[in-house]
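Reading through the structure tokens given below for one structure.
As written, the chains take the letters A, B, C and D, and residue 1 is the first residue of each chain.
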């Protein structure tokens, strides 16, 4: 057969299908539409939600946007607040007479500034450590429950120890950074960081263990849920105080900002970083602070739980978490205006002589309390 | 052709860049001479240079403004030069007071140098010591200079 | 012990230690000036510190008398009880100014002697660390406070 | 200065001249861990050769360069020079001028002490509040200076033969108002500093200088009085109007940084009292005697004037040769003496790296005064 005949046959078959089969198909499709559309919408919604929720968690909360915004707002607030304590105005002309764009201006300027990399530095470490610095505490923040089903990283019921493990890794980076910069001030600063973390972190871990013991779980969501009748700040008051001091110590905030003491060690292990690398180290300070504060809220102040009135809980929401965060930030900044910096030996003495025994005492009290509850 | 399309983009970047640099001048904690108390008054309450985003900073690496406050002796002159070389671009120099500008009351001393022999200067502030208003004015002149001259395309037109 | 007054000190020094001094006068109240013999300087200084308890060193400086061809090193000393200023002076030849360092007696004269060394070229024997104090370490311009200093610093 | 050799077990750190807390000097410290084994002060970064410059100025021109020695305390420094010139040239000063001199000197002392403890507080990292409060309160004094003399800091107000101008209308009331305001503020400072437990922890028992060492090492001013030595030129050898004024010499026995701070605090109280007394009791009369603009000296005269500045005893020793210019001016600067004490402190007491700025600013160094 030649090609023309074949084409004709094909066209004839098509016409016959169109006349006999197609109407039926169309009618069937139209008949099934009312059931199909909701199905489709639901499927689309599931698709979006399934992908969107982690995406939102990564980007919005507790992700990048949250951390950056937190650092920005805290820096701005701190500068304004300190200026008020000094009877000054603080940043003013940058951004409509309030200075709220000041941090952005600083960041942009640092971003476009020349990166001075001295000759004697260990280049790879020198460049890597400022980037690692905010990353590690940011990883730890992913474990914090912002709502009962708003946890970015589900650690399978072990989120507290994993948080402590990741956050405990953070101090290693300043040590490397200080060593890599090959400067006497940075090396003293990084050694001070090491001392400080060791003396501060152990009481923190013991306090955290006590709360886990009280809640009967190592999962942060369970710990929060266990606080539904009463925030752990009340039964573990000693632990609450110890953790608060330790939190300031870990975040290197003012009474304990020994490693970056400006009047002694230029700015400690940050001395040699220039341009955006310095911007990262500056951000890291606030990320560490954010991480420990969030853990503090989760462990002692009921996390995302609203205050419950006579056993009737108010609406649980991320909002409560942010509110508690704001209160603690204000308190910590206030402490900065009121107290001078302690010396290294005094800080270590505080860590080992006071925080450590108090944390242990707290643990024993918790054990007794738990034992009493079980009986 | 490419120039025509690129021009607005450059304009935006230029604007952002100069704006950021203008409002974020970080001078070093470095005093060479005796105008330092007046400089301290400027950072104090009545004059408050932080309003302009001027934040004295500790280490050379992060700073972008060398405020030469007061007389420069020969021994200090080397340090001024050294510090200027350590700073990252863009960097500015402000000469505060009569002494760095023209050796001031110590014009015939064997031990002083003028700043022009050491580093390029952006703004000179005269006075012995300059009044705080003068220092603020000098900083504002520096901002103006940054706005005009420190963009991406500065010097290319 | 009642601290000696200015006149008592001068009288006593003249009476008992006249071999150590060239001259001892009271300029006005609270100002006593002693010119010591150069070779007996250490002995006199030790005496002043131990016996007359001039334990509080104040300062030291030199002066260049170019016409007389001499230099004078002046040590300003004080007694914490009597509280008048004692100026212990030594005349030095201008072409070879050399004298024992007083840091053996008053440790705190170290800075002042270093200053005199770099400003006048006076050589202090026995000074532990005779290096530049105020001038840059690579200073080659001569001795600035000598009267024949011909660098900058001479009014036009 | 050439650097002395380093022992193998220590690390040598160079502080300054670019360092947030070093000021205009360089300090080499040998640290063993956190412990400072040795301090070497490398001063001279602000050396301007004032002594040489003064030889090339007439007696009255010399006021300008010498005032630049201590900017915060120009009155006392200028007074030292002017008194020496007066003694050398035999110029009498009217009584009222002396009282005005004392008034301005006391105001300068408060100004300078404010500076001193502002910095000492900043060293402890207590930057925010107190350090910038001092700038606020200094403005009160600066306004008074400006009203009286026309300049905020370096006012060249004292001239041989008196002062340049009489007190303006209503100045005495303003002084009293300022005294009242400052009294109230100093109570705040006391609460914020000495009563603050953390601040006390940083300062008590730090940089202890015993009485014997203070005398032996030639300390002066609040450092000496902080160690319990009762020496003050204002009382021992009254100049200006101090003979007629009623004030106490403050001493503390401890000899640590807190004691020096307390000495400054109480001295400010005394200064405020003196200011009040002067505002109440100042006698009338002329404020200057007529002195030629280019006074000529007698040959071979020497005059040593001693003045208690905020940092300690300043001596200006003028030698004349009969010309219109001094033959030689020897300045015994207080900070140079205290810097030597600072250098030795690492051997006398255990000093940690963190204590170093506190100790340095507790002796209240003014390097321009030290280097001249």
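Operating definition for what follows: a contact is a pair of C-beta atoms (placed from the backbone, for glycine too) under 8 Å apart; a residue touches a chain by one contact, two chains touch by 3 or more.
What you see is a predicted model, and the numbers here were worked out from it, not measured in a lab.
Undergrad: According to the touch definition, list the chains common to the neighbour sets of chain A and chain D.
TA: Both chain A and chain D are touched by B, going by the contact rule given at the top.
Undergrad: Where the contacts of chain B and chain D overlap, which chains show up?
TA: A, C
Undergrad: Between A-B and B-C, which chain pair is linked by more C-beta pairs in contact?
TA: A-B
Undergrad: Can you name the chain that lies farthest from chain A, using the mean of each chain's Cα atoms as its centre?
TA: Measuring from the centre of chain A, the most distant chain centre belongs to C.
Undergrad: Could you put a whole-Å number on the gap between the CA centroids of chain A and chain C?
TA: Computed from C-alpha means, the inter-chain centre distance equals 68 Å.
Undergrad: Quick check: how many Å separate the C-alpha centres of chain A and chain B?
TA: 38
Undergrad: Taking the mean of the C-alpha atoms as each chain's centre, how many Å separate chain B from chain C?
TA: One centre to the other, that is 45 Å.
Undergrad: Counting only Cα atoms for the centres, state how far chain C is from chain D in Å.
TA: 24
Undergrad: In chain A, what residues contact two or more other chains?
TA: Within chain A, residues 86-88, 262, 266 contact more than one other chain.
Undergrad: Could you say which residues in chain D touch two or more other chains, in rising order?
TA: Residues 19-20, 44, 47, 49, 52-53, 56, 132, 136, 371 of chain D each touch two or more of the other chains.
Undergrad: Mark out which residues of chain B touch at least two other chains, giving numbers and ranges.
TA: 44-45, 58, 74-75, 108-111
Undergrad: If two chains touch, include that pair; go through all of them.
TA: A-B, A-D, B-C, B-D, C-D
Undergrad: Using the touch definition up top, name the residues of chain D that touch chain B in the complex.
TA: Per the stated touch rule, the residues are 17-20, 23-24, 44-50, 52-53, 56, 64-65, 68-72, 115, 132, 135-136, 138-139, 142, 152-154, 368, 371.
Undergrad: What does chain A use to touch chain B in their complex?
TA: That would be residues 79, 83, 86-94, 99, 101-102, 104-110, 112-116, 262, 266-267, 270-275, 278 of chain A.
Undergrad: What residues of chain A sit close enough to touch chain D in their complex?
TA: 82, 85-88, 184-185, 188, 254-255, 257-258, 261-266, 336-346
Undergrad: Would you pull the chain D residues touching chain C in the complex into a rising list?
TA: Chain D reaches chain C through residues 1-2, 4, 43-44, 47, 49, 51-53, 56-57, 215-218, 220, 229, 231, 236-237, 302, 304, 306, 313, 315, 317, 319, 327-328, 330, 332-333, 336-337, 339-341, 344, 371-372.
Undergrad: Can you tell me which positions in chain B touch chain A when the two form their complex?
TA: My answer: residues 16-17, 19-24, 44-45, 48, 50-53, 58-59, 61-62, 64, 86-90.
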